[in-house]
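Which chain is which? They are A, B, C and D, in the order written, and residues in each are numbered from 1.
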Amino acid sequence: MSKKIERIGVMTSGGDSPGMNAAIRSVVRTCAYHKLECVGIYRGYQGLIEGDFKTLDARSVNNIINKGGTILKSARSKEFRTREGRDIAFKMAKEKGLDALVVIGGDGSFTGAMIFSQENDFPVMGIPGTIDNDIYGTSSTLGYDTALNTVVEAIDKIRDTASSHNRLFFVEVMGRDVGHIALNAGVGAGAEEILIPEEDLGKERLIESLKRSRASGKSSSIVVVAEGDKTGENVFDLKYYVEENLPEYEVRVSVLGHMQRGGSPSCWDRVLASRMGVKAVESLLDGKTNYMVGIKDSMMALTPIDQAVKGKTDIDLELLRVSDIMTT
Amino acid sequence: MSKKIERIGVMTSGGDSPGMNAAIRSVVRTCAYHKLECVGIYRGYQGLIEGDFKTLDARSVNNIINKGGTILKSARSKEFRTREGRDIAFKMAKEKGLDALVVIGGDGSFTGAMIFSQENDFPVMGIPGTIDNDIYGTSSTLGYDTALNTVVEAIDKIRDTASSHNRLFFVEVMGRDVGHIALNAGVGAGAEEILIPEEDLGKERLIESLKRSRASGKSSSIVVVAEGDKTGENVFDLKYYVEENLPEYEVRVSVLGHMQRGGSPSCWDRVLASRMGVKAVESLLDGKTNYMVGIKDSMMALTPIDQAVKGKTDIDLELLRVSDIMTT
Amino acid sequence: MSKKIERIGVMTSGGDSPGMNAAIRSVVRTCAYHKLECVGIYRGYQGLIEGDFKTLDARSVNNIINKGGTILKSARSKEFRTREGRDIAFKMAKEKGLDALVVIGGDGSFTGAMIFSQENDFPVMGIPGTIDNDIYGTSSTLGYDTALNTVVEAIDKIRDTASSHNRLFFVEVMGRDVGHIALNAGVGAGAEEILIPEEDLGKERLIESLKRSRASGKSSSIVVVAEGDKTGENVFDLKYYVEENLPEYEVRVSVLGHMQRGGSPSCWDRVLASRMGVKAVESLLDGKTNYMVGIKDSMMALTPIDQAVKGKTDIDLELLRVSDIMTT
Amino acid sequence: MSKKIERIGVMTSGGDSPGMNAAIRSVVRTCAYHKLECVGIYRGYQGLIEGDFKTLDARSVNNIINKGGTILKSARSKEFRTREGRDIAFKMAKEKGLDALVVIGGDGSFTGAMIFSQENDFPVMGIPGTIDNDIYGTSSTLGYDTALNTVVEAIDKIRDTASSHNRLFFVEVMGRDVGHIALNAGVGAGAEEILIPEEDLGKERLIESLKRSRASGKSSSIVVVAEGDKTGENVFDLKYYVEENLPEYEVRVSVLGHMQRGGSPSCWDRVLASRMGVKAVESLLDGKTNYMVGIKDSMMALTPIDQAVKGKTDIDLELLRVSDIMTT
């Protein structure tokens, strides 16, 4: 039987994403609402090990809902991957009187939370914070919507110059294993071609497609490429291949990089973060543990954290088809 | 039995919203993909009556996916509300050889489409384009997400000055009958109070709430007020009431107005518009008529257009509760 | 002979404007660079009277360069307008060991600084922080450039919906006594008419101009109106007048309001603030007092603070002419 | 003696920049205002050679003031570098009845204009359109201000993630020969170090500076690097050097690339473009030729085009010093 929960720790872990601060604020205020103490743990699991704690009251999270990044900072912890490290972390948690933990992060962070919870019978709840939208059990992860807007705004700017010069641009976006950002931002930006890890288009078909695009009267082209795409070795390799095979094209490359992780969160991400924080704290109060909070069909939903980690989020085949039709 | 569809008309009707152009583009390109002719009808039903038509090919909609407003313009038509007007419209549609109609608009536009379709056995398909998100059968209407971002960005700016001066701001946002924008943007902007048509808080409770907020240590406050809220006669009435009852507050009013209807659509609205356009055209090709395209649980879904018009979209009670908790 | 300066106070006063935080940061870091102590004075002159002080070191102003508003807050002080109030303020300044004061604000704030300085032989330096750009001695005040961008972005959005509906919009922008924002943002937004306090167009000529605009083939129109314009009693009065005299127009009004004061400062305002902060502190170190820092012909320049207060900034006649030509 | 000017050609040439469309609009409308015909020349000098012309009336440039890129497109022309090519261009200009040419572009474009003008005694006027701000005779080129805002907004986003992870970022910005963008955007973004072509900091001093920055308590750092900086071979070379010498740092690289050339122009760039277009056309009407329009001390000014091309724009030493002080 689980102990009554009076003090909850909250941390951000792994790569940061827009909306993490909004989620921290929500966890803190939900604790205040239910008269619980909320303890901020700095620098993820490493801070848990080192006891880098600070009690957070409702006012301490004023004016952070619209800020990118995470006020609790984030870090990777090699130590936490060892049993020894996790034992120290548990000792710290007990010393501080923590009764439960809310972890805002991605896959890797949830795996850590799960193991920690099992080893120590310690209640944990996950909130999916990552721009990649690659977590099973939620149709949207925190930061994904903001990142999509960042990418389409950047490509809109690139389109201006592409159109003015009749150029071809390869734009690399984040997504080492999944193509959600590339596919959605590609459709949103009206890209002529979208290359994702889930599909290998093949260089020859890329060339065919670009030829078709030009034949249809398009004078400029944007190709969105997910980091993890395997059509070429990388985006520069693709550039050289196209320049060799389509010498009439001037090709330019843009690598959007880490700006995709930052920025003021969109309204969607702020509201989602607010809802998830409430759900996470109240689920812990309901005696639940080892779940991840998600959104499904516009409603909050819990998914066992091991399923969230193991599950796969497939690329949207309908949207792939929409993308094809849009490049008519 | 319905005639084979070879020529589809597309129009925007009622108030414009971000994403309408992306939807037009999608309808046009889906027609091109299926070798159908697509005819743009200008100025809504009035243009249908006046025969203000233009054939649109795939290239004619280049570079509009990211533009606010509608290239087809929009207008209200008193004439179309009469049987006579609709008869002329039908004659025009037949003369031009139109076999079906895609109407991008809101409630009123759908009612017109429905009547027109029934009177003339003419296939119609609706795409919900309005910032208000007040259409049954879709969790999101085109332009709603963009409007939310516009509102939170504006309130973020107002918050800067509110915080610097310890002031109270009433910010009026759109929503004559429904509070979706006010509630979601209010939560997203961290508003201290949100007033919506669906709930009458009462002026006394507003005063209590503002007192509580100040007592809890907040030095500035934002109150988001939907146009249609009934707590006061209007937002200025509220201002005077508060100034009388809380003389320690300096109160300012901001009416965001029509900027909420414009702007480059968010990635979400662009992708949604692209998907809806495909679904609308292909549903007509499948022999369907008198439906509205919507999104439910991340998937395209059809709703009979009369249900879309009559149905109600309730305010999200869970989110109201989240809002309360966030103002702890 | 003036005492060696070892401790400088900095405050923001009057209406806030974007770039004030960047200026505070610059004053603080320039003090640190020269091994001076910098003391933040909260809530302007009222905080000076109440001794609401906090020593600020170089790290205390991290990550504020891009934030709107002012971390030192701002307020009006009736007390400081009395000799008695200013005497208390001086006593407080001496108690804290302040040797000089940097005041970031507008006209009114500078008048206060000037009197305070003369009464107490106390070194002061002004930095012009106001969105109105109505200070003599600088071609640009802090926040003006940002406000212009805020206004044109808002009008761009309004233009989307104006164009879609063939509507006429009156957009009221800040500027009670001067039309700099209206004129520049009006030209920047491509407004069809710009109404400023410096010129009384007259209602009849407004009607003539709108008729001409429509006759020339324009289907929508934006009229930018400075708060202080005297063509009508106010922007709503203009709306009614136009609706009576041009019944073919649907007229809408947008009052942009306080969002014009907030937001992340533009690069120009951040750089200008950084330069002005350095100049203010180093001018005090050079033994100068009672000056305002400004920018003239791309270079830092000092203007005696009484001239800054009394001087007039005339409206740019060339730009008025450009505006006329642009509406051809 | 020069012929009366009745027909003016306008083109954009070289790399595009935000504000070019606003300048085209201004040239077109100023021509309309003075009852001149305005002829748009597509794709720069290549279009002049090929006779790719289109008459532009006042309404043809509606709604372009806020669009990035150039509706006239731009291109490089090898042919125009030959006497033969220029002779064809002149023949085309005469055939079309052009009496003068307004060229919106940079250095290279102006050199072409100058030679063309001298060989054929043909009136030309230059408008400086480039984001690099490297043209003598104007304190600001079209697009520069917009590019600065694009860069600081991108770095603000990167700062979010840098701060969350205590990372060091190298951000490469445009500027092959000049460091104006790097220096101004670097100061505006609060960069800890700024590397420009005009100064060779040396790798060792970079390391020293980064050490100092960390010792002073900064947990993250942004280094802005102009493309043309010579401290390392390139930005990736710098990354490896720092990682070798400061192993405690996690280093990331962001190359902002062509998004810097696009986007909706800032209010400043729109107003500047409007003013320059008027000045260019009216100067031609005044019988002037072979000048570039610029802005000096807030006023329009003409500079002989050969001086504009040969002159140097020095880096602002005062701003370099401000940058040093800000990183205290």
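Criterion: a residue touches a chain if its C-beta (ideal position, glycine included) is under 8 Å from a C-beta of that chain, and two chains touch if they have at least 3 such contacts.
Here is each chain with its UniProt name: A, B, C, D = ATP-dependent 6-phosphofructokinase.
Predicted, not measured: the structure shown is a model, and the values here were computed from it.
With centres computed as the average of Cα coordinates, no chain lies farther from chain B than D. As a whole-number value, the distance joining the C-alpha centres of chain B and chain C reads 35 Å. The mean-CA centres of chain A and chain C are about 39 angstrom from one another, to the nearest whole unit. Distance between chain centres (mean CA atoms), chain C to chain D: 28 Å.
Shown for chain C are the residues in touch with two or more other chains, namely 156, 159, 163. Chain contacts in this assembly form a single closed ring in which each chain touches exactly two others. Residue ranges of chain D in contact with chain A, taken from their complex: 12, 15-16, 18, 20, 67-70, 73-75, 150, 154, 156-166, 169, 252-255, 257-263. Taken together, the chain D residues at the contact with chain C in this complex read 25-26, 29-30, 32-33, 58-59, 62-63, 65-66, 139, 145, 148-149, 151-153, 156, 159, 163, 184-185, 187-190, 216-218, 264, 266-268, 270-271, 274-275, 278, 296-300, 316, 318-319, 321-322, 325-326, 328.
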